[in-house]
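By written order: A, B, C and D. Residues from 1 in each chain.
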Amino acid sequence: METAIKVIKKVKPKKPILVEGLPGIGGVGRITAQYLIDQLKAEKIAELHSPYFLPFTSIQDSVIKLLKNEFYYWKNPKSKGEDLIILVGDCQCGDVSTKGHYDIVEKILDFCENLGVKKIFTLGGFGTGEIEETKDIEILGAASDEKLIEKYEKYGVDFHSSTERIQYIVGASGLLIGLGKERGMEGVCLMGETTGFPILTDPRSAEKLLKVITKILNLDIDLTKIDEKAKEMEAFLKKLEVIQEKAMKKLMPKEEGKENLRYIG
Amino acid sequence: METAIKVIKKVKPKKPILVEGLPGIGGVGRITAQYLIDQLKAEKIAELHSPYFLPFTSIQDSVIKLLKNEFYYWKNPKSKGEDLIILVGDCQCGDVSTKGHYDIVEKILDFCENLGVKKIFTLGGFGTGEIEETKDIEILGAASDEKLIEKYEKYGVDFHSSTERIQYIVGASGLLIGLGKERGMEGVCLMGETTGFPILTDPRSAEKLLKVITKILNLDIDLTKIDEKAKEMEAFLKKLEVIQEKAMKKLMPKEEGKENLRYIG
Amino acid sequence: METAIKVIKKVKPKKPILVEGLPGIGGVGRITAQYLIDQLKAEKIAELHSPYFLPFTSIQDSVIKLLKNEFYYWKNPKSKGEDLIILVGDCQCGDVSTKGHYDIVEKILDFCENLGVKKIFTLGGFGTGEIEETKDIEILGAASDEKLIEKYEKYGVDFHSSTERIQYIVGASGLLIGLGKERGMEGVCLMGETTGFPILTDPRSAEKLLKVITKILNLDIDLTKIDEKAKEMEAFLKKLEVIQEKAMKKLMPKEEGKENLRYIG
Amino acid sequence: METAIKVIKKVKPKKPILVEGLPGIGGVGRITAQYLIDQLKAEKIAELHSPYFLPFTSIQDSVIKLLKNEFYYWKNPKSKGEDLIILVGDCQCGDVSTKGHYDIVEKILDFCENLGVKKIFTLGGFGTGEIEETKDIEILGAASDEKLIEKYEKYGVDFHSSTERIQYIVGASGLLIGLGKERGMEGVCLMGETTGFPILTDPRSAEKLLKVITKILNLDIDLTKIDEKAKEMEAFLKKLEVIQEKAMKKLMPKEEGKENLRYIG
């Protein structure tokens, strides 16, 4: 078995842009990309399966599904507008070997190149390790070429901190840009600040990333629902915090009076 | 060396169904499939070897054997009945890399497709982490298509809990269904509840699974022997429990009077 | 790069037997095979290199050497006698993936098959976890076919305990027999009992294995040197034991009077 | 995707020597090779990318870069002099599987062989685990052939201790020599003594290695800058040492009067 893309519907996009949101830190890229798919009512055009995914199958509504990545297509109603190819999925490469990551990304780029993609935006989260509830969430960026920095920083993307704060991008978000450049594609990676704690997703960071990407792509999208999701998560985290403080007090009664532990995880 | 199937005897099955029982949780699938082979006196028709198996050889009766999977064939005496191809073996893929799992399953499906298989039942155990001795063992199910849920739940298979309780199937039991669907095969995975503790096998769960699968396949099989095996295991576990309670009392004499520790492992 | 054998000298052996002694438990197989090479003055005929070996190079006498396996050839002076191909080396497969083990063994068998090998003896150690200084070292055996048990047990090889005591052979010693059988070769694996402690080699077990293999192959070999090596190791272990007892007494002075700790490691 | 070398500029070197300084212990080889590139103003002629590198991309000045190795070319102004091909890079093979190491080295050797390389110098660090500030840093050596020992030891390289003190070289520094020999290339591995502590680089050891390699290659290079770097590192280590002593005193006040802990890490 090889990594392969199964075409479900043939399309002829005009000036298509790839927007990638595979699973990663805080689920930020994934939530952002899936939200675009839902709001734009993009249609599924292809599936990618790979022997480099973990050998699991998922059960959804009692039906067994192979792990997959999915390509969605949105046709821009504006005649001069750019169409979108949105990539989401269950997972990235799960193999311990490194070859799988490169193999999957090359197959994604083959597919996109055939559709005429020349621009790539990859979306992800950047784990800071901290929660500061009052802080404004920053969107950091890195690009395939320095010309793109000037072009996109006016959308509120901080390109200048990424070298020092991020240094390395792990996985598809970086490889799609790096390998895409070898094919003459220009690419920008946008990362929303998030705590980086495992398991918890970050809809608030996704909301901020959505504000930026919709401005860049000139999309008119209702952000009400993502704001609701973010509020739900914040309420859930507050409950966790209360439970944790009570538990801490039981374990260490002598600690009363000390600074309130306001962190989660 | 490649994963390869060595044909020992050529057969031309009619409407063959694949029943898979490779090693897995609690040995439930393995015991079930082997029991069918023994009771039906199925004959061995092929062996699968793979460089993705661990690099061990087993010693049986002083003879060295490569690790293998084995295919058995049972010819249904009823003229309109479905023949069976039963798959058992020493192991699944042992390689740390993920490709081996997919490679082995594809080779199994190639072999089955050539024999005309269009239906697959995979058998396994679902580890709950608990022993409740009075509880009736449930058989959970998941399928390649939702149409099959209605078709098979009347045999006492609980399809509706599997999404929430199981979520992911690891290995061949799920991949055979997922990859089999790509070849137009319909498949159902049946999992018997079991504790999931390592090393211990669960003949009682296998007995329950046998009751269900023999009904589905319309087989008339004597379940006396499996009941005996289950009783032997239950007696063995009771002895272990007694030994463990005595040991616990020695280690923690102050704990006397506390709730009797009724668990194993 | 592929696993490949570099032929240094072409030979046309008569009825050649492969004797394998690659690194393994206690170095027993390795010491035995190397001793045969030295005593018989066998000549080197080929080298095997593999990308499945660890990516190390060794430094010997200031010269850098790739990791290798080596084939030696001994021409039997008796006209009806069997020649020997003796296999030793730096290592077995070092790759985490399983494919490397099978690939290397298949390449070894290709080479041997081309030379006309039809019989294989693999040599190794079986770790018992114990030292009993007064006990006679047993040589356990397992074979490619049950007919060989009767043929070889008269040489003092215990075939009947191996199923229960050993169960699985890891690596080339077993795979050469298992995969060799697929090519119509008959094979016997001989394992000398040894403690199995890491790092320490066991020349006494190798001496016992030499006594058996030289009888089987009808070789007249002087075992004086291996007896000397075994005595050196025994003296070294006695020193270690004394040092360890003194250290134990310092750490646990209250333990005086207790049973003397007569074990190493 | 395969390991591949992208040629940026075609050159026709005369009697080129490969000098390798990929990342390794103490960064000694890397610092040495990069210093040669900078001082000689060597020009970049090729890049190597590989799916055996870790699936990361680096961010430099906000631009995303694939992990790479780089080849630089220096044309010797002396008509009878040897040109240099200097190899540096972000990383060696990052794959858990061993094949990647061999694959990358073979691709490097293919490229060098095509350019006419017949001599290789690989540069690295040898971790001793100790800091002795007054000790003179030794350069140890190992070669593809014993003839080279006599040829190069007059440059102050200690070949005779390497067998005992080093025993095994891990990675490209050794494999380039070992696999290069198979192609008729002669090679020497030069290793500067260094502490071997993780993260810290050792410009002082690189300075010593530079003194030796520039003599061997008959290069006239200004070592002022590397001396400055070494002094910066020594000042930094002294600060770390002071901080560590103060911290130790706080943690173990009873330890005052004991020997000053003069080590870092």
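The criterion applied here is as follows: a residue touches a chain if its C-beta (ideal position, glycine included) is under 8 Å from a C-beta of that chain, and two chains touch if they have at least 3 such contacts.
Just so you know, these numbers come straight off a predicted model, no measurement behind them.
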Under the touch criterion given at the top, what is the topological distance in steps from subunit A to subunit C?
-> 2
Can we say the copies subunit C and subunit D touch using the same residue numbers, with more than half in common, or are the two sides different?
-> different
Copy-to-copy rotation for subunit A and subunit B - C-alpha atoms, rounded to a multiple of 5° | 90
Length of the line joining the C-alpha centres of subunit A and subunit B, rounded to whole Å | 38
Per the C-alpha means, the centres of subunit A and subunit D lie apart by a whole-Å value of 38
Check: subunit A positions touching at least 2 other chains come out as 96-97
Would you identify the shape of the chain contact graph, picking one of line, ring, star, complete or other?
-> ring
Among all the chains shown, which pairs meet the touch rule set out at the top?
-> A-B, A-D, B-C, C-D
In the complex, subunit A touches subunit B at residues 1, 51-66, 94-97, 100
Okay, in this complex, where on subunit C does subunit B touch?
-> 93, 96-99, 101-103, 106, 141-146, 149, 159-160, 162-163, 166-171, 174-175, 177-179, 181-182, 187, 189
